[in-house]
Amino acid sequence: MHDLVISMLQQRGVSLSDMAVLVLEMQQKYVPLNYDIALEHVKKVLEKREVQNAILTGIAIDQAAEADLIDEPLLSILKNDDALYGIDEILALSITNIYGTIGLTNFGYLDKAKPGILAELNSKTSGKVNTFLDDIVAAIIAAACSRIAHSYESNA
Amino acid sequence: MHDLVISMLQQRGVSLSDMAVLVLEMQQKYVPLNYDIALEHVKKVLEKREVQNAILTGIAIDQAAEADLIDEPLLSILKNDDALYGIDEILALSITNIYGTIGLTNFGYLDKAKPGILAELNSKTSGKVNTFLDDIVAAIIAAACSRIAHSYESNA
Amino acid sequence: MHDLVISMLQQRGVSLSDMAVLVLEMQQKYVPLNYDIALEHVKKVLEKREVQNAILTGIAIDQAAEADLIDEPLLSILKNDDALYGIDEILALSITNIYGTIGLTNFGYLDKAKPGILAELNSKTSGKVNTFLDDIVAAIIAAACSRIAHSYESNA
Amino acid sequence: MHDLVISMLQQRGVSLSDMAVLVLEMQQKYVPLNYDIALEHVKKVLEKREVQNAILTGIAIDQAAEADLIDEPLLSILKNDDALYGIDEILALSITNIYGTIGLTNFGYLDKAKPGILAELNSKTSGKVNTFLDDIVAAIIAAACSRIAHSYESNA
């Protein structure tokens, strides 16, 4: 399952490296960190069953919308990533919550500032629907940041 | 949109009356209540945009699974309503949260005790997939119970 | 910290055994389980930092209310465990969420059915304020049930 | 109760105007908005029972910590606004959730970027403890932004 979700993310344009880079950027001001450690934490987040389920479900909805397999009015809501549609964010919450509520702040920040891969996912080019994926990727990054914060404290 | 979600629930086997009956059963021990008032509160819950989005999304996933339009392994997880799959419950949370956290307890109780229509939705007969729908209906009922509790206090 | 929260729960009338008994009762119909294993899972839940913070905070509020150190109108709301006060439940959510959303259903059920120690905590005798504690204990039990469900699957 | 929470916020250094200014700053790029309308939405958020309960509880904890009425180790955690203490954020969630999950992103952003009054609350000068208050104020602002987004759509 771990390999599967990594491969699904890759097919949707998101690499482990894309996420590790943002984790490093977010956390290196707080703790000593390098790219390899950041990458390790991203991988650990992706081992969690709840995270895998959120990824599978979010990508399935995005793909169904892309293939016009969903009825209106939901189809248009998904294709336009309607600002009042909050289901993508609540799905992402199931990822950030796993390492405690401290992930929430980083998630919200990433979702609004949209650095790196998050801007790309949000650019709505070429018929892609990433309504769920952008929130899921922000949530994985936020969860990895929380995991790092917790692990540094445990070792202190 | 209000009429649409009512009609979608109806097509999936859930009437306003099925829900009003359970709201009445849950809340009549706490406040003076009758069927018509319970029904009114259910309808008001269904006017909320966040609730409508959760209904549209949950039913869309159930239908896509029913029609085998979702890839494995998610397809089997959805068809079996896997006990470790918690995305259906987190979607339901977006409904119960609208009237405050007091809806949470009623939601959990309904989801476990499964009275009335909830038992029917959960019976997994005839190829139907109701993995999301049963949680959504429990959440609508729980939200209506919260709405009643709040409205009685405001009037006191 | 682990020993401290166990000792604080004990002082407020809640033993590890009280919780393990309910975990056993809730989960033994689903997986092979005995008292010692149930107890082990309760202890593991109490090792989590987020759980410890919720326990420390909830008990601190209950104690401050008991000692009349909180201003009105919050003091009366806490002493009466007002039905529309949902902050105790949202604090409990930070515990149940740690093992995924599947803990939510068990939490809601326990909070409503109030078996064993939960009924005692809720009896409001002798000037004790357990407004937060009863929800926290229900959440610990629900989290332990989720932990068991996840661990049995991983081993399957 | 509405007047009480406004007065309590004022005593802790937060005016309606401090919040309205940030609401305006956050939302004016999306919808036509002025200060008076922003202020009106902040006031409406403060009429919600769940919001009032979160404010009363958060300020009570901050004040109890300030007056050394809380035992260690929680007292130090609260005084230092420990980065791994997430209870303040989960309390804030009960506010942002009321207008749907779209409030989450704005909350996370405000909590990290800390514009205006949020920077002041976080400055930890003069023995004040604002561990809960800064998250609560960010949540009220985020909720008002969500309320505006919903109201503009309803009128469209």
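Letters A, B, C and D mark the chains in the order given here, with residues in each chain numbered from 1 onward.
The rule is short, and it goes like this: a contact is a pair of C-beta atoms (placed from the backbone, for glycine too) under 8 Å apart; a residue touches a chain by one contact, two chains touch by 3 or more.
Only a predicted model underlies this, so the values are computations on that prediction, with no experimental measurement involved.
Placing every chain at the mean of its C-alpha atoms, the farthest one from chain B is found to be D.
The rotation relating chain C to chain D, fitted on Cα atoms, comes to 180°, given as a multiple of 5.
Distance from the chain A centre to the chain B centre is 27 Å, each centre being the mean of its Cα atoms.
Between the CA-based centres of chain A and chain D the separation comes to 26 Å, rounded to the whole angstrom. Mean C-alpha position of chain A lies 30 Å from that of chain C. Looking at chain B, residues 49-50, 84, 86-87, 90, 93-94, 100-101, 150, 153 sit in touch with two or more other chains. Chain contact summary for the complex, chain B toward chain D: residues 49-50, 94, 97-98, 100-101, 150, 153.
Looking at the complex, you find that chain D touches chain A at residues 30, 83-84, 86-87, 89-90, 93, 100-102, 104-113, 149-150, 153. Of all the residues in chain A, the ones that touch chain B in their complex are 1, 4, 49-50, 53-54, 56-57, 60-61, 64, 69-71, 73-74, 77, 84-87, 90-91, 93-94.
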